[in-house]
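Below, subunit A partners subunit B and then partners subunit C, in two separate complexes.
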Partner chain A sequence: MIKVLFFGILSTKCKTKELELDITSAATVKDLIAILKERFSDMPDGPFIIAVNETQATLDTIINDNDEVAVMPPFSGG
Partner chain B sequence: MDFTEEQIERYSRHIILPEVGGKGQEKLLNAKVFVLGAGGLGSPALMYLAAAGIGTLGIADGDHVDLSNLQRQIIHNNERIGMHKALSAKKTINELNPDVNVITYEERLTADNIREVLRDYDIILDGSDNFPTRFLMNDACFFEGKPLVSGSMFRFEGQVAVFDPTNGEPCYRCLYPEPPPKGLVPSCQEAGVLGALAGVIGVLQAVEAIKIVLGKGKPLTGSLLIFDALDMSFRKVKVGKDPVCALCSDTATIKELITYEAEVCEI
Partner chain C sequence: MTRTDRVRIQAEDFSLADEVQLLQDSSKRIGAIVPFLGIARDFSGDAEVKSIEFEEYKGMALKALKALREAALEKFDIIDLTIVHRVTTVGAGDNIVLIIAASEHRKAAFEACEWTIDTLKETVPIWKKEITPDGESWVTEHP
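Here is the complex of A and B:
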């Protein structure tokens, strides 16, 4: 089980701030994005950065059981 | 530098700190900090920078004070409605601390003038309210070799980071290469924003700028701080340089400032 956190406009578009997911072993960030986009049809393509366990990840980063994945878009307000 | 008796008293709580002392306070009084936007983030940031005795503060804002600003833009007040925000901010700062020399730019900075303005300052704070300006600021700071203390907000959430690509750290484009498509991320005007959130994020920007001037502690370079007021949670995410960043990598393609089209409904 992994935990996914949505920030900013992503939590609005996906209508949740946090969810838990079962993923197959050796799934990558790219695989996870595909799963999320299938589940949340309004999820935008980006821009956002993805952090796995509070470190910025790339599309190839492997996600392990119990990892926490944060999906963070930029904010414009000032 | 010789402090006046009034300065010794005014800055006594700083001077007594071993990390600041007389030398640190002198650094603050000699520092030049530029703040883009005397709005939600700029208001609290400017007030604490001024109180700290930052010797020169540059303020750029092309807008006038509006009643709907006063829920969060605490450097202004009811009597200043209709006044240029940069001038209103200057008035508050002059009343708070006469040591501070305030330079105002009552205009929206553009690709044509921003580099020349930033050149005169040591540290830049971004308190702007739209993506085209955020990318313009990032690129201009990179070209001028200035550290950028970035703050931004969305409803109950805020982000803070220090971008310093000249010193090997990531820039804003390493995190977000291009502005989002128009209409994806609503502005504060469209989405709303918690007024006190602006205080939290703007003051964090001031803290980072003061730390950089003093050369003390660890600035938020290579990190993105995310604050969620509803959960009262701070999350510090490690971020790295994008090896193919279009601005600050060895394979950079951006060689001059880009003017992105303003969003539709920006404030």
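Here is the complex of A and C:
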């Protein structure tokens, strides 16, 4: 089971801030995004910034059980 | 987290004067202090903005701000750097973010201050949502 967090406009579009998912072993960030886009039809096409366990990740990053994956729109602080 | 921490994310307001004084009192080597104060505008494009709501990725945002401070201290010839970002709902005219660079000579402090706010906008997981009379919208750019 992994935890997926949505922020900013993504949480508004997906109508949730957090969900838990079962993923197959050796799934990548790219696989996860495909799963999320299937589940949330209003999810934008991107760009996204992805963090796995609070560290910025790439599309090829492997997601492991118990990971926390943040799906974030471009930052707009300051 | 205490008020004297050089990197903070907080809901409450901060005092520019107090934060400058803290840096000024910390070293007699300091010959220049450059602050950047980001405040909430009452407009966005043609729309009136009543308030701005901030959201952070708690944990990662503070880590990113600390890394940003370390990078600035490494990159520029500065003595110290304070970064304070509010995460709450602010009204037009309210403080949002404060960056203060302190150095022996002014050039490094000016450069570090500008680089830090520019880089903060690109690397720190904080988002803002503008509340207007017609509704609310997430800000997706960082001009």
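Things worth noting here:
The working rule: the second predicted complex is superposed on the first by the 74 of 78 C-alpha atoms of A that agree within 3 Å, B and C clash if a C-alpha of one lies under 4 Å from a C-alpha of the other, contacts with A are read in each partner's own complex, and residues count from 1 in each chain.
Here is the rule we use: a residue touches a chain if its C-beta (ideal position, glycine included) is under 8 Å from a C-beta of that chain, and two chains touch if they have at least 3 such contacts.
Small disclaimer: the values here were computed from a predicted structure and weren't measured.
In the superposed model, A:Phe75 lies in contact with both subunit B and subunit C. Of the two partner chains placed by the overlay, subunit B and subunit C both lie in contact with A:Glu54. With the contact threshold set out at the top, residues 7-9, 49, 51, 54, 70, 72-78 of subunit A are in contact with subunit B in one structure and with subunit C in the other. Subunit C meets subunit A in the complex at residues 38, 54-57, 59-61, 63, 85, 96-97, 117, 120-129, 138-142.
Every residue of subunit B that touches subunit A in the complex is listed here, in rising order: 37, 39-42, 126-131, 134, 151-155, 157-159, 175-178, 180-181, 184-188, 191, 193, 224, 226, 228, 235-240, 263, 266.
Residues of subunit A touching subunit B in their complex: 7-9, 44, 46-47, 49, 51, 54-56, 70, 72-78. By the touch rule above, subunit A contacts subunit C in their complex via residues 5, 7-9, 12, 49, 51, 54, 70, 72-78.
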